[in-house]
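After this come two complexes, each holding chain A, first together with chain B and then together with chain C.
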Partner chain A sequence: MSGWGAIVIGGGLHGLSAALQLGRRGAKVLLLEADRVGAHASGASAAGVRTLGRDPAEIPIAVAALEMWRGIAGLVGEDCGFVQSGQVKVAETEAELAQLGERVAKVRALGWEHEEVIDRAELRRVLPAVAPHCVGGMIVRTDGFAIAYRTVLAFRRAAEAAGVVVREHSPVRGLERSGGTWRVRLDGGVTEGAPIVVNAAGAWGPRVAMLAGERIPIGYSAFMMLLTSPLPPFVTPVVGATGRPLSFKQLASGHVMIGGGHKGTGDLETGTYRLDIDRAAYSARTALELFPALEGSEIVHAWCGIEGVGEDDLPIIGLGRSEGLVHAFGFSGHGFAIAPAVGEMVAQLALYGQSNLPVAPFNPFRFS
Partner chain B sequence: MSGMVDVVIVGAGPAGIAAALEASAQGLSVTLIDEQPAPGGQIWRGVEQAQGAGTLGQDYVAGADRARALRASGIDYRPATTLWHLDEAGVASVLSSGHSDQIEARRVILATGAMERPVPIPGWTLPGVMTAGAAQILLKTAAAVPQGPVVLAGQGPLLWLIAQQLVAAGAPPTLILETRRASPVATALGHLSGLWRGREWVAKGLTMMRAVQSAGVRVVTGASGLRAEGKDRLERVTWSGGAQHAATLLLHEGVIPNVQVSLALGLAHEWDTAQLCWRPRLDAFGATSETRIAIAGDGAGIGGWQAAEARGRLAALDAAHRLGRLDAAQCDALAAPWQAELGRALAIRPFLDALYRPAKEVLLPPDAETIVCRCEEVSARRVREAARLGATGPNQAKAYLRCGMGPCQGRLCGPTVAALIADERGVPVQTVGTYRPRAPYKPITVAELADG
Partner chain C sequence: MAERIVIVGGGPAGQAAAALLPEARLIARPDETAWHGEPGTVWLLRDGAVEPLGFDTLVIAAPVPRLAIAFGCAMRGWQPVVDEAGRTSVPGIHAAGAIIGAVTAEEAARHGRIIAQSILGLAPEGTILSADLPEDEEERRSLSHGFTPREAAVARLGEHGDTTDLFGPRLGEPILLFPASPVPLAALAARTTTPPAQRARQYDAFMQREQE
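Right after this comes the complex of A and B.
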């Protein structure tokens, strides 16, 4: 029990980013993590930094976050492995290419110009190894990717340097508001108090919200990833597909990471997951059909990250019904890229009650 | 998907064969899968083709009987079949001849055995340096001896067994660098009853050592500070106080349970303070914390092949009981002789564990530039740096450095990475945890997975 200015629940990238921004604004911050920092979705992330193909509601945040990624070393003290490799969404049919064209037109009408449509020749130029049936695509040349766990640790160090106290293996058991203070009950009869609580508990966000009596009914998924052994360089940008789920990239080390939203099974009680071998096989087939060069390469790792997912695939970001409570979770499998900017939004919401970036579409209570 | 079987057994060494024979005798349907092209596991590798019983010794001959019994049993035995994923619900994903298949089983017995403790000395990644076990594989499967001059370095019964096998094959090692620190006499005095119960093994060990020494092999005892040196391959081995020109260096510091699959499944494990390794937490019949899954053989804790057979029998009897083929009394009655056999086989272990306890420099490479993770070429220095930057255990270091993400899945670097992080943090090694290995347990190509 001590005079914390804010307590952040959840030591994933979003919790760390919010804690960092609160700490930099002078708050004395305690971050509580039930497991270890980066143990779930953040550490398991494909770590794409993508403005490409975002829901229009997320575009302002993604664009602001990309600016922050370009100066990430200034923010957290190291480059987090971030490279601006570009991101491409491949069209496998003329119909898909037309669909991408409409998408780009719609986004441009909203005033955003980061996406462009590319034809078959330009697609070949940026992705020489792509299968011959692909007819074109959509690209953001300034997008890229980072290294997930390195980023998590860098944010942790930066937060700690800003005075944040990170406490791992500290699950929260109760939340009560009285006299302008949140009482955060932990195991072993320990209680901590602060006027502000940030719920950044990822897939466990709805449970934390319920502790404060707030119902935010979103689900969760265990997103599955595959990693191959190192291959000679053959693809630079991060690649997605239009008609089927795929996210594909080659790291500087030569390893190829294959994801795209295929799901295993997660267990919120134990924090464990099970792979879905049939879905993993489907994922491998998709990757192979788009990049025949993968044929003989070996898969050395398969894993899942458990992540909160909203019905509309958009995150929960906003003030709770109770005073001094901010929710930021359920990033639905695409929260890594926007974490630097969301941290700022959360700090602004917590301290000033409003954010510089539009937050309305992420209203925590839009489902109830 | 193949049909549902009562028991799928992984590994056709002493434990797996014993489990398969017993389960089958109790009327259970059994599928036995094994990576190797023929039954026998490590200790009886290639036993069906063996010409050189004289070279490889009496224990090896016992394996031929077991292999014959397996072949005669009609059990669904699938050689050259690799387990690459196991679901706790009992679905085994296997790879055979380039095709992925799934086997659904009511129970699983893992008999995946032991692995040699990694010996990360400077230069251990040079061509010409290998584990003593690798040399033994050559001897057993190809009747090939390593290129001389050969230096054997390390300690433990297997080191002397291999030395003896090389002598018998007409290619004695030039030098044995024994790294043992414990005094045999003092250690023996502390373990008299175990020595008596295990006198048969002690006698065998002494015979082995005498045979090697009478062949005129030079032995340096208490060797430390080992280094493998050479430009593109091994040229010489050096230690504190000596050097030897060598073309082959065989390293061996004992064996530890291969816990890759049980760790990947998240089963409960405990730190074995005597053997300095992790082993799965098991009941008297080998059942794990996930009761559908049992573990038998050296994967349950190092005990040698007689203990492995007993554990295989016990796990199979337990499976028959749990599947309703035996009631509790029948199961206990059938288990009693195997429990006695297990106790007898394990009696000598405390003595061996104390005598051959690895030196600190084996567990914790003192040279900062020593490669720890061979697959990703990560040095001890980088692991320590990662620990200072906040990696609290092997999993965090993996996410940071990719150590343990190579094709060996961290089998070779896991113990060392954990020890380095623990040392850097000033905490006991068992508190920093282990890698959580991921599937695929063995690499599968993108095309093979896509085909599944």
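Right after this comes the complex of A and C.
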């Protein structure tokens, strides 16, 4: 079958968000997912909705996305478990607190006022259970978190309601451009065609780019997450550390989700991953040192999400060299929050060749 | 160094295997729990501490499918796929008893003995029939030694078959989860006091081959 307006490759949150926005703009969209929707980074995400501590290049997108999260039920039909719990980055030393102060000053000089520095007393007011050695922090009170897989499914349903056809277990084997149309070759001799292709294939994005003859050779990581047994409520905001990798939150169920940067290893051939127990152990240690209330808990689940990572830890978002190709992948472990806004950017790039939000820092070819 | 044989599970299958393999290390609850694994290593919880235990040969004789999945064993549903001698798709790893469908203690013990006999190079007293094992002999062979889970899956189902139930063993879960059993956070945290280096990003071997 042919006659598609756009083909989106990748059924993660970014592919679904782009498909939703293209569908709402009247395009007839086919979304192809090699595995199952949300099978990797999107479903495995810590699902932080964070403007706090963003690279300056990402701030406009993160701020626009946070506005969309506040009305997420209007966008996708349900609230995705989103709560505006706030996000705090804790300083464990005076030197770290000074570093956070410089950061906030730098961001304010750029005209953004969402971040603020908080002292020891205010830190204890927002985080009563934090360890005594913590001296202060940086906070965005309007940030929060959602529930990852629930969000993926909500975006899928909304996309389908907008007319998007989602086809799982459909790996793309070839991409050829001729006569203003992309021929997308699938298994079993099936070919689909559309004038627009969106590469939202996450860690597999470089492979899809290569099928179109474009070299965007970024790396990938398997970001590791831990989930504890349920505990009585002791922390409301999402908590990060300044001097070591950590992201930490307590869900409504009482379970505590611990992530924030330590990595296992991933295998792109099989889509499987391997935990790194010693690094998981250090994540557990960091969490325990910041929140002694974790002492009696157990790790009940641990997992990794395989995610594309740029050399500068920033995503690939932009037009390909070939006509009718848009790349949006490699969100480097912090793409979940910005997915609603990036979907709009991708739809704008695909249909109009430009985006309302600044896209230049994410140029797909900036490394070559 | 002598071959290190580890048996996980102190039920009838594990006990029967251990009886024939006196050199083997038997991991049994409540003293020790094998809560996770990676190639060549099982992770134990023992006396409230987390520690790795290396092995050359492993017998999974406890109903802990997430342990088999952690080693990359080809799965059908929640059961590792095994051949006549209880070998999983991963060389050196065997599965016996309830985890491969034994419903009586006698059947589980028979699995344990057959696997031990096979490890010792003795003629096994019979064959293990994994539930739903393919009848075709060639297919059965394809599920034994020397195959990666993907190869075993592809051999069974063809290059473009739906192999997800075998080598992508998420078993209906959105994301594959570990560990096989809960582990105390404080015990895990006690393993390390110094920050590990951040692991560098990985690069796609396939892309690098294409480049050359």
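What we mean here is this: the second predicted complex is superposed on the first by the 367 of 368 C-alpha atoms of A that agree within 3 Å, B and C clash if a C-alpha of one lies under 4 Å from a C-alpha of the other, contacts with A are read in each partner's own complex, and residues count from 1 in each chain.
Assume contacts are C-beta pairs under 8 Å (C-beta built on N, C-alpha and C of every residue); 3 or more make two chains touch, one makes a residue touch a chain.
Computed from a predicted structure; not experimentally measured.
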item	value
Joint occupancy of chain A by chain B and chain C, clash or fit	clash
Chain B versus chain C as contact partner of A:244, first or second or both or neither	second
Between chain B and chain C, more extensive residue contact with chain A	C
Partner chain in contact with A:295 - chain B first, chain C second, else both or neither	both
Which of chain B and chain C A:157 touches, first, second, both or neither	first
Touched partner set for A:202, first chain B, second chain C, both or neither	neither
Which of chain B and chain C A:330 touches, first, second, both or neither	neither
First, second, both or neither for A:15, with chain B first and chain C second	neither
Partner chain(s) touched by A:303 [first = chain B, second = chain C, both, neither]	both
Contacts of A:149 with chain B and chain C, given as first, second, both or neither	both
Partner chain(s) touched by A:253 [first = chain B, second = chain C, both, neither]	first
Residues of chain A contacting chain B in one complex and chain C in the other	36, 38, 43, 149, 152, 226, 228-229, 270, 272, 274-275, 277, 280-281, 284-285, 287-288, 294-303
Residue ranges of chain B in contact with chain A within the complex	85, 87-89, 91, 93, 100, 102, 266, 376, 389-392, 396, 399-400, 402, 405-407, 409, 438-440, 443-447, 449-452
In the complex with chain A, residue positions of chain C that touch it	36, 38, 43, 50, 52, 70, 72, 149-150, 160, 162, 164, 167-168, 170, 174-179, 182-186, 188-193, 195-196, 198-199, 201-207, 210-211
List of chain A residues in touch with chain C within their complex	35-36, 38-39, 43-44, 149, 152, 169, 187-188, 203, 206-207, 210, 217, 219-222, 226, 228-229, 244-245, 261-263, 265-266, 268-282, 284-285, 287-288, 294-303, 305, 309
Touching residues on chain A, where the partner in the complex is chain B	36-38, 43, 148-150, 152-153, 156-157, 168, 226-229, 253, 255, 270, 272, 274-275, 277, 280-281, 284-285, 287-288, 294-303
